[in-house]
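Here is the structure we will look at.
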Amino acid sequence: MTEFLQPLVIDRWAYVFTILLLSVGLYGLVMKKNLIKKLIGMNIFQTAVILFFIQQAYKHGGTVPIYDTTVGARPELYVNPLPHGLMLTAIVVSVATTGVALALLVLIHRRYETLNEDELLQKLRES
Amino acid sequence: MTWSQLPILTPVVLLVGATAVLLTGRIRPSLAHRLATATCASCFAIAIALAVQVHHHGPTHYALGGWSPPIGIELVADTLSVYFLLVITGIALLVMVGAAPAVERDTPGRSVEFFAISLIFLLGLSGIVLTGDLFNLYVFLEISSLSAYTLVSSGDERAGVAAFRYLIVGTIGASFYLLGLGFLYSVTGTLNMTDMAMRLDPAAIPVRLAAVMITVGLGLKMAIFPMHRWLPDAYTHASSTATALIAPIMTKVSAYVLIRILFFVFGTSMVSIDLPIAQAIMWLSVAGVLVGSTMAIAQTDLKRMLAYSSVAQVAYIGVGIGLATPLALAGALLHVISHATMKCCLFLVVGAVELQTGNRKLSSLSGIGRKMPWTFAAFTAAAVAMIGLPPTGGFFSKWYLVLGGMATGEWWVVIFVLGASLLTATYFFRLLESIYTRQSSELAPIKEAPLAVALPIVILGLAVILFGLFNSRILDLFLRDAMPPGLVISG
Amino acid sequence: MGLLLVAGPGLPAFGDPESAAAGHVSAHFVENAYLDSHTPNIVTVIIADYRGFDTLGEVVVVFVAGLACLFLLRRSNPQQTGYLLRRTDSIIVDLATRVMTPIIQVFALYVIFHGHYSPGGGFQGGALFAGSILLQRVSQGHENSQHTFSRHLDTPFAIAGVLIFAGLGVVTLLAGGNYLQYDQLPLGLRLDMLRNLGILVAEVGVAFAVVGTLVSIFDDLSCTGRGIPRD
Amino acid sequence: MFSETTQPLWALVPSLLAIPLILATARRPNLRETWTLLAALSQCAVVLSMLPWVLEGHVIESTLWSLAPDINLSLRVDPLGFLFALVASTLWIVTSCYSIGYVRGTREKHQTRYFASFACCLTATIGIAFSANLLTFLLFFELLTLTTYPLVIHKETKAALSAGRKYLAYTLPAGLTLFGAICWTATTAGNLDFVAGGFLSTKHGTAETLQLIFLLFMIGVGVKAGVMPLHSWLPSAMAAPTPVSALLHAVAVVKAGAFGVLRVTGYVFGPELLRDIGAWTALAWFAGITLTMASLLAIRQNNLKRRLAYSTIAHLSYTVLGAALLSPWSWTGASLHLVFHATLKITLFFCAGAIYVNTHIENISDMAGIGRRMPVTMAAFAVASLGLVGFPGISGFASKWSLALGSLEAGQGVFLGLLVLSGVLNASYFLPIIHAAFFKTNPAFDRVAEASPWLVAPLVITATISVVWGIAPNLGAHAVDLAMLIATSVTGEHSG
């Protein structure tokens, strides 16, 4: 048991949170009837992915990736800057996606006066 | 500015074009369409120039910001990407030419934004096929997806719901891709495709998991069965122009990414021998072919029928990817261009019919073939190609697929692929019969579509046939060089 | 998710300085970022220079998102469009926002322009600035807040942002370099200073785009636009 | 430009060129029909111009461009293809005259579409005749299917439409089977070019594999050839206007099927292989059963065209049987029957059409006494039917005779018996018609006269040709020489 837990829990405990977040997000996506909540689930899912990248960037004893003359340009002393850069972009992308999704939801709500999936399907069937 | 700058030009021209469309649109909305068409035309020209260059001097690598990979992002224009770039820009041009009246009808007063967004959509797609960097690919994937959602929502009453569903599915797909990319990055420390292909170790668990996740993510975007549920709604409720623009190229580009990553980054042996990914794709696609064709038969709405047949036809490409033999892959790539042409033609015809009759129920089409002879001549050609009868492109892509399937001894695949074309024949001949034979009175005042609308349709109709007759030219010019490492087309 | 658990052992240990990801490319970034562009904030250098094209893509994403909201929600002629937000009648909120807004905006500018030396940059700063405007919208109501930032300005802002960034690239193209190759800017400075400058321009472009887009998205979401009844 | 190698191409051009011209001149019927006639004449001329080369034993090859790796779109004129092309193009001339008379006589709708599709069909047929490899063959074969469909549904009545659906329901799957077979051949043999005597051999796979491929091929082409049990589209397709039935269901389509059988047996598999894998007996028995059953069924038909359809099915099986017996004489007979049956059967259809145009009668039971009013037509009918019965002095005799010799040569006397039997059956379903037509009277026909010369001339011509060939089979087209060339090249032995 331990030889399985050792690599997983002791060395890589942080990834467990990614997994949890991913599952939470998927749960919201699949289970929730309210479209807004679905959207939130989607956001959580994206956040989990972002978190996953950031976790990789972390180094024990690493400082913020801002060049410091006292430290010098020694990679092992800074946390990995690349994932941070990538995730900045990824965050913006997810913000943009959320914006569009919200716009669509507003449109849907204006047209059908509901955001509950079942009622929506009901109205779609009627129309 | 030298020839070496060609790869970057397409995205830049499209971006500048989009902003220009917005700015001029505020002053003279009528200019927007002309400007968009001009942009597409110039992109097509650039694509041709790039194709010529690649054909003569081999793949072009372009280091953005002057940072050589893997430090910076690079664009790679090799035969495969140029091939897809040609398809994208060509289709885009033909759709744009006749788009004005339909767009003005579907999205009154908002056509300027529509054209700007479609240009950005094309920017995303061309970026995807050109980039050589996996994260950059993700960014462009999202650009194209976001604009695609918006274009889809530009349709009828239900378009909003369809678009939202599409958005959720698409974003999940993209997130899976990003997650897989995260695994790859964590074990290789690079994002550049060629660099990663060298550094990754196919045996490592994260790599294999990444392969699975990326396949799932792209499968969602490519609408591989059973991940195809979003597609029929999206294509049906989107405005006719949006469908004609999205349907032919969006799923194809996802297929491109799949090919690029599976065969060029992971390598053929890993995805077809170490892991059963290729086989999985193959069988799912076979199921998709059957399901799509069967569902198409049951539809009463022309667009919805075509949408389901898209599911089936894209699955053909999936079959080719799954078989992972040179001939089958050639069939898949050939089907990319032939299906893009025929499906674009069909959807443009739907648009023209909606424009002339304001209706697209199958029942209302009876006898229209005589009212709009040119349009429906092209429609017939495209339909014949969908069924896969000679001498059209559809026939030959099927020919290569079947040869590839027989070479690997996948007899069931062959049988299903052939059987499915009977299903296709069922619904298309039913359609053609009613189009040409039945008479209906309320069609009396209907005229042939205006030239700008009809011309692209006819061109596409001709192209469908020419791609069939001269498919070996395409094969020699593009597909042989586009083959992934290790796969060679004999003969 | 079980798959992920399986994959766990294959991943580099958490916080492991010797992990593959930490080496290779990112090491190169850490070592050369300052020398290349005279900018201590390595992340800024990466997003605006090494991987500037990604950021341009990011700007386009933001831009198209704003365009999408505008396309989806805004009526074709502004006269029909009404806005939901009225001026608040609570003095506290009113006063607070009056005090906060300038401070936020100054800080936003600082974040943008100090992004070279400290965490921050175009996107963060732009978001802050947009936030200050939205604060005004919420508290003062739509109509009264137009004088600080008119709703007719947002799209032009976004376009300007895109054009600044893309145009920067075009300039380097015309100057004979590759796209976004800042060291080719025809200004006759040291290479690293040129890159430094290029990064700054890029960040400003990002900021413009973000401000314009976020405000426009907010306006569109909070207006009584298309859809009821379908026009 | 008119060199030996380009000649096959020029054979395709006239009908191909006619299509746009016909469509363009839809408004002016006379001009439109002129195009059709011109195309038919020039096509026949081009084909005939190749006769000397073919008789010298040349095989004219001309390659257009590459269709797929190692497979070209190429045309090839060998005796068999030439014979088929000659029949098709010659009969197109008479049929065009006849069609003009017919469609105007019955005031058909959509005449432009009619003539255009007709030209398409001819292009496809000539293409089939001259195709040099299986892929080219398949191309034109499917093209023929497509272009015949509009003709089958031409009347656009419920019956016509359902006939069309039935036609597709049979021919499209057949096309797919053929497609599969060809793909399989390509994978195993890596080559698709026709070779007299066959290019497949036992080294290309086990006997079972080859038998399966052969079966697929036979299903693929057999449907068009109306081999039982794949025949039932043919009688229904008689819903089409008579000239269509005449050319397409006595000449082009069904003959394309029979021609396909000859190609596959003689030029893909070849006698040796078929003997080795023993597939020929199966085919022979299918043919034998078909020609008996079809004749029996023909007797039961009261609708003249349906009776003719069943007789067509029977007579196609003569060709198939000849191909299956693999002996020199049987192949000679098969090739000859390809030609002679075409002329005879088209005469019969012309007569049926003429009667229909004049009296709108389709049922045999109503035709008693018609012969007295339309003596020329019915005389031609009598000649043609006697020819099919195998009456000496009319062309059908020669082919049946050599088929009989062939069956003996192959040591299969039983098939000789079947041939004789079906001859008797032929007599029993043709002679009553003639008897009733001439020796009964029907007051209803008092005001009936001969049909218009447009209709009568063609059937007189074809009937005369049959008689002439009955006396001198080799006259004009050198049919016998060609047939012997074919038999020799395929079986490798001389006949007689």
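As written, the chain order gives the labels A, B, C and D, with residue 1 at the start of each chain.
Following the convention adopted for this analysis, a residue touches a chain if its C-beta (ideal position, glycine included) is under 8 Å from a C-beta of that chain, and two chains touch if they have at least 3 such contacts.
Fair warning: this is a prediction, and the values are worked out from it, not measured in the lab.
Asker: Determine which of the two chain pairs, A-C or B-D, is joined by the larger number of C-beta pairs in contact.
Answerer: Of the two interfaces, A-C and B-D, more C-beta pairs touch across A-C.
Asker: Need the central chain here, defined by C-alpha centroid distance to the all-chain C-alpha centroid.
Answerer: Measuring from the global C-alpha mean, the nearest chain centre belongs to B.
Asker: Going by average Cα coordinates, which chain is farthest removed from subunit B?
Answerer: Ranked by distance of C-alpha centres from subunit B, the top chain is D.
Asker: Cα centroid separation between subunit A and subunit C, in whole Å?
Answerer: Spacing between the chain centres: roughly 19 Å.
Asker: Go ahead and note the Å separation of the Cα centroids belonging to subunit B and subunit D.
Answerer: 44
Asker: Using Cα averages as centroids, what's the distance between subunit A and subunit B in whole Å?
Answerer: 29
Asker: Distance from the CA centroid of subunit A to that of subunit D, rounded to the nearest Å?
Answerer: 70
Asker: Of all residues in subunit B, which are in touch with two or more distinct other chains?
Answerer: 135, 139, 142, 146, 149-150, 153, 157, 185-186, 191
Asker: In subunit A, which residues are in touch with two or more of the other chains?
Answerer: 22, 56, 83, 86, 89, 93, 96-97, 100, 104, 107, 111
Asker: Where in subunit C do residues touch two or more of the other chains?
Answerer: Within subunit C, the residues that touch at least two other chains are 4, 9, 11-12, 19, 21-23, 25-26, 29, 51, 54, 57-58, 61, 64-65, 68, 72, 230.
Asker: With touch defined as at the top, which chains are paired up in contact here?
Answerer: A-B, A-C, B-C, B-D
Asker: Which positions of subunit A touch subunit C when the two form their complex?
Answerer: 7-8, 11-15, 18-19, 22-23, 55-62, 64-68, 73-76, 78, 80-86, 88-89, 92-93, 95-97, 99-100, 102-104, 106-107, 110-111
Asker: For the complex, which residues does subunit B have touching subunit C?
Answerer: Residues 1, 5, 8, 12, 15-16, 19, 22-23, 62-67, 70-73, 107-110, 113-114, 116-117, 120, 123, 127, 135-136, 139-140, 142-143, 146-147, 149-150, 153-154, 157, 183, 185-191, 199, 204-206, 209, 212 of subunit B touch subunit C in their complex.
Asker: Inside the complex, what are the residues of subunit C that reach subunit B?
Answerer: Contacts found on subunit C: 3-4, 6-7, 9-12, 19-26, 28-29, 49-54, 57-58, 60-61, 63-65, 67-68, 70-72, 75-77, 155, 159, 162-163, 166, 169-170, 173-174, 176-184, 230.
Asker: Mind pulling up the subunit B residues that touch subunit D in the complex?
Answerer: Checking each residue of subunit B against subunit D gives 384, 387, 389-391, 395-396, 398-400, 402-403, 406-407, 414, 418-419, 421-422, 425, 429, 433, 436-437, 469-472, 475, 489-491.
Asker: What does subunit A use to touch subunit B in their complex?
Answerer: 22, 29, 35, 38-39, 42, 45-46, 49, 52-53, 56, 83, 86, 89-90, 93, 96-97, 100-101, 104-105, 107-108, 111, 120, 124, 127
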